[in-house]
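Two complexes follow with subunit A in common, the first pairing it with subunit B and the second with subunit C.
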Partner chain A sequence: MQTKARTLPLSKRGMSFETVMWLFTRLTALAMYGFIFIGIVGAFVMGAQNDMSFVEVLRWALMPNTGHVTYTNVPEISPYASMFWKSVASLFFLTAAGHGVHGVVVILDDYFAKPSQRKWIRFWNISIVAVIIPIGIYVIWMG
Partner chain B sequence: MEVTIKIFRYNPEKDKRGHYETYKVEAHENDRVLDVLELVKGHKDGTLSFRRSCAHGVCGSDAMRINGRNMLACKTLIRDVGANITVEPIMGLKVAKDLIVDMNPFFDNYKKMLPYLINDNPLPADGKERLQSPEQRARFDESTKCILCAACTTSCPSFWASDEYYGPAALVTAHRFIFDSRDEGAEQRLHVLSETNGTARCHTAYNCTEACPRDIQITKAIGELKMAMVTGKID
Partner chain C sequence: MSDRNVSLSSALKYKGQGPYLTYILHRIGGAMMAIFITTHVLATFTEMQGWQIGDVINDIYISPPFQIVFMFGVLFHLINGMRITILDLFPQQLIPYHRQAILIEWIIFILVYGFAVVTTITTAIGRMS
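Coming up: the complex of A and B.
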């Protein structure tokens, strides 16, 4: 009777692009919760206890970009212009863009089953996100 | 009690599209929907076509949509669905006639899972069977219950979109063999599952689990396949 644990090496698990992207989507979803948590904690640490409403805290958590919060009641927004917060915002943005574009492709695959259609859908989605990412990064770092 | 049954009808030799016909029959509340269909076919309209074989929930022939839900007609009692019943063919497969659908795409997907034991290793020294502990058997016990009725696959929105998607029933079959300690074909099956139309198309809608007349936790089984692809653990 075979009793030893059966574990397949990486090369034998069917680790295709589809599988990797399935895993990527799950991990990026978790990562985004982490970024939101970091944003909320950061906002409170930097004065949100006194100067921001909960709505504004959420806004900071989801869009930690000085350009987006100029009109909040926070008297001093320069801490958010630091390398750290710009990096957090950039990583959050890249994670969300990757997660989002793959989600759209997966859903559209339900409606377009022909390989040629799927090829075009992938091409257009990747093209759109390839344009959006540099714009987003530019806004975060130069805004 | 009088039962009113509205049945989807389609004759490819006469009809351009399907339509519904309504029949009234006398039935007992403990009768099954299959009994009512037999009454209609035997006494009202002999041209009505539907699949049935064992009539006891084992062969999986008579899966159909009853009041909008995939069920086996032989396991569904009148008292559970009421006196007004609508019966339609299962969705996502081409209707051949009335309640009969073309099951070929379903079985083509099933065959892709290599639904047989793969083990080229020599037999044990005694030349008898390959032994398995009760725990090892229990690992895939639930997925052995599948009767290939297609109730799960034809309730899946991803399958409605494209019958290229292997579908829940095929994935349950893969689960049945991949987690069998006697089987050595996990690598081949996981490679099939990792293709575009494999597990990636499952969006965990849970329709399959709800539709299964054998109460197999299908979405859970598909989740275990996904984890096996990521971790490599097939125990």
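Coming up: the complex of A and C.
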């Protein structure tokens, strides 16, 4: 069954915080699809078709970190540990963190309606991400 | 701002069909990933410091049963998110066909997830021999 599209152009909707974050969620999702694509192509360029299974390529593409290659049959992991891949992984991680923290807040907002609850949800989510980001970057570069 | 006025039991009985199922699975997959990434980063960090707890947690995460369950959430979130983004990019042209888009999404998901499950199992068996 077809339904009529109910759309409102941005000019009429206005750029409120909600609209900006709606756009941010879509743009970060697109960026992450780009990182996954780079990961898959890069893996095949480095010979993954001979040394990795489908699920191992998928795991690498979802976070191109050397730790995700150590359990595979890749004989030499140094190409997977280059500055390029650490940079891609860091950018991917930062994008995912931004996308994720907003997503978790949106989900929890639907179940906690009181302003005080929502304030604590924001406080704890942002605090956890503020701690996890430097640790994650450390793991990517030092792992 | 009002309090939530729908009980959990009423929410679970809601017959929203395909679109609601994708909506709720998208949220479950997203929440799974948020918890997983946070704990995986912490586990890897503690493993690097030589603490056993990180090693134990990451051994669970690399195990095939965990991977098969987790892959469901990740791949569904990824493929459903792609549908949402594509429909939102061309709302006038594509949103009238959102149910057809959901059908296509499920076909793609079943193919990719099925292949991921099969290769997870075959890879685990291959590593044992």
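The working rule: the second predicted complex is superposed on the first by the 129 of 143 C-alpha atoms of A that agree within 3 Å, B and C clash if a C-alpha of one lies under 4 Å from a C-alpha of the other, contacts with A are read in each partner's own complex, and residues count from 1 in each chain.
The definition used in the following text is that contacts are C-beta pairs under 8 Å (C-beta built on N, C-alpha and C of every residue); 3 or more make two chains touch, one makes a residue touch a chain.
Quick caveat, the model's predicted, so the values are computed rather than measured.
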{"item": "Touching partner for A:D109 - first (subunit B), second (subunit C), both, neither", "value": "first"}
{"item": "Which superposed partner A:I126 touches (first subunit B, second subunit C, both, neither)", "value": "neither"}
{"item": "Greater residue coverage of subunit A in the superposed arrangement, subunit B or subunit C", "value": "C"}
{"item": "Which superposed partner A:V41 touches (first subunit B, second subunit C, both, neither)", "value": "neither"}
{"item": "Which superposed partner A:G136 touches (first subunit B, second subunit C, both, neither)", "value": "second"}
{"item": "Contacts of A:Y33 with subunit B and subunit C, given as first, second, both or neither", "value": "second"}
{"item": "A:E18 touches, of subunit B and subunit C: first, second, both or neither?", "value": "first"}
{"item": "Contacts of A:E56 with subunit B and subunit C, given as first, second, both or neither", "value": "second"}
{"item": "Those residues of subunit A which subunit B touches in one complex and subunit C touches in the other", "value": "1-3, 5-7, 110-111, 113"}
{"item": "Subunit B - residues contacting subunit A, complex", "value": "130-133, 136, 157-158, 161-162, 164, 181-182, 186-187, 190-196, 198-201, 203, 226, 228-235"}
{"item": "Subunit C to subunit A touching residues, read off their complex", "value": "1-4, 27, 30-31, 33-34, 37-38, 41-42, 44-45, 48, 62, 67, 71, 74, 78, 81-82, 84-85, 88-89, 91-92, 95-99, 115-116, 119-120, 122-123, 126-127"}
{"item": "Residue numbers on subunit A that touch subunit C, as the complex places them", "value": "1-7, 26, 29-30, 33, 36, 53-56, 58, 62, 67, 71, 96, 100, 103-104, 107, 110-111, 113-115, 128, 132, 135-136, 138-139, 142-143"}
{"item": "List of subunit A residues in touch with subunit B within their complex", "value": "1-3, 5-10, 12-16, 18-19, 21-23, 106, 109-111, 113, 118"}
